[in-house]
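The structure appears right after this line, and notes come after that.
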Amino acid sequence: MSVQRPAPEWSVSRWFNSAPLSLAALRGRPVFLHAFQMLCPGCVQHAVPQSLKVAQAFVQSDLVVIGLHTVFEHHHVMTPDALQVYLHENRIAYPIGVDAYRDDDPSSHPLPLTMQAYAMQGTPTLCLIDRRGMLRRQQFGLVDDLHLGAEIGTLLAESASRA
Amino acid sequence: MSVQRPAPEWSVSRWFNSAPLSLAALRGRPVFLHAFQMLCPGCVQHAVPQSLKVAQAFVQSDLVVIGLHTVFEHHHVMTPDALQVYLHENRIAYPIGVDAYRDDDPSSHPLPLTMQAYAMQGTPTLCLIDRRGMLRRQQFGLVDDLHLGAEIGTLLAESASRA
Amino acid sequence: MSVQRPAPEWSVSRWFNSAPLSLAALRGRPVFLHAFQMLCPGCVQHAVPQSLKVAQAFVQSDLVVIGLHTVFEHHHVMTPDALQVYLHENRIAYPIGVDAYRDDDPSSHPLPLTMQAYAMQGTPTLCLIDRRGMLRRQQFGLVDDLHLGAEIGTLLAESASRA
Amino acid sequence: MSVQRPAPEWSVSRWFNSAPLSLAALRGRPVFLHAFQMLCPGCVQHAVPQSLKVAQAFVQSDLVVIGLHTVFEHHHVMTPDALQVYLHENRIAYPIGVDAYRDDDPSSHPLPLTMQAYAMQGTPTLCLIDRRGMLRRQQFGLVDDLHLGAEIGTLLAESASRA
């Protein structure tokens, strides 16, 4: 889905691999955000490996790569402790946020706050946010490397002022 | 590694998708056993999908497909509860055993009992056991489909008496 | 298609990488025969690479790997000279026969003689022939490595007398 | 290899799928040029399928996709007639030029004229030319989809004036 609206700020209860990061503070840089769950097969087999590849391919650009652990089921086993092991085993070094629930209570709503704010349909979901903070693409499911590369190349080519 | 020795009996503390199963009771049928950990990337991305493919490809033969959850690290998050979610999410329907520790105590030894008995070096490990209960192949790491198919075809072609 | 009938003798007008070979002379050994055309995309991208892989995987067995160039269209460019370059560029070292036309005349029939004898539907076509000369499998299109490996393993496991 | 110099005009003896096209006439549009030989395995198995994918992925952009048949060996079988069959069988519908030799004589030089002008090292070779006619990338061998997509996205994002 190609979109064009301000990307909502994210709500994160805990960060791994980073001090707390707000979307607002990243204004001026393009952001690749992938929402995943550590026990979702499509995430683990395709989306996370692709995100690792993106992080490596654009390491010399100013693209920001961020993972968001949007747990909306099986909370008792996809805990932050389990996530930490997952990140270690998969050698994921870019910032990972845990999508928050209101009052830190997963029974408060079927979905965590950032999933709600972005109206995500499930995991994996890919979001591309441009230098001005506009949400340019949100995709539930898989995106092939060629199209993804082109969209990232476009965001990188835009200047912050012009964009 | 091509081997030829009696396959040790396995030690399982809990079964999923099956009543308790002993190797002895499977005598007469060839067995495909894959040892894995649910948070081991090579297992999740390659060995488990291959095992699912094997289970489907040989569904009309008398091959027995078994998974063994050989947790030797991060026990606090690779619990039976977490495994149950993993099996559900990945639609794994063949029997899965949890490799046991002596006295159910992971601090008793760095490795669980079946890993010790088979002298496995890590996960994933693939074991092929013939109709007579001989361990014909044990491989740490990945095996390509063509060789794996050939070895399974060989075991299936052997008669229980002759073998 | 799983079949069980005597494999017809092939008709070959020219051999590459080998002295003339008859199927009859190979009795006692299992035969992997792949029919292809050098300008058929499915052959070039999938079937020929798979055949090269089979030739390498079973090099220590007595499996015979044979390619058959079954040209039924565009004869003016898929000549033996062009085939020779194709074999050289793809480093194909196993025996390759050119499927013959009656009186060496491609206008004599829409299909060359071996294609007719086997009732092949097109290229690529895979044939597995057992030690007794029985055609055990004939498949138009692609076969995945796991199933193919299993069928080859089965043929290899059969003894010539028993089979 | 990342480069930045005016892309040389190409020398083409015959066009398929198009009236004659000069690079000069394409000024203002980005150009994806892939040099290939129809019997080069790396071309046939990777570069040409990738080029077909590029042509489809960017069909709604103003990217120009062009194939150049740079035959520098085995001229007697990689003829324009054979190429025509190859294009038909692989359903290649974008413009394809045949790299020319001086006086149409392949014995005049080991390489055809465009290969010489671009100093190509072999096939496949990928060239990306920007809207101003600058050669921004020339790569012998394979390029992965993610990087390729990003580079195409960058070229597309540039305006003709600014670029």
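Letters A, B, C and D mark the chains in the order given here, with residues in each chain numbered from 1 onward.
We adopt the following convention: a residue touches a chain if its C-beta (ideal position, glycine included) is under 8 Å from a C-beta of that chain, and two chains touch if they have at least 3 such contacts.
Every value quoted in this text rests on a predicted model; they were computed, and no experiment measured them.
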Identity of the chain that, by mean CA position, is farthest from subunit B: D
Between subunit B and subunit C, centroid-to-centroid distance (C-alpha), Å: 37
CA centroid of subunit A to CA centroid of subunit C, Å: 50
Residues of subunit D whose C-beta touches two or more other chains: none
Topology of the chain contact graph, where touching chains are joined (line, ring, star, complete, other): ring
In the complex with subunit C, residue positions of subunit B that touch it: 53-54, 57-58, 144-154, 156-158
Subunit D - residues contacting subunit C, complex: 39-41, 44-45, 49, 74, 76-79, 81-82, 85-86, 89-90
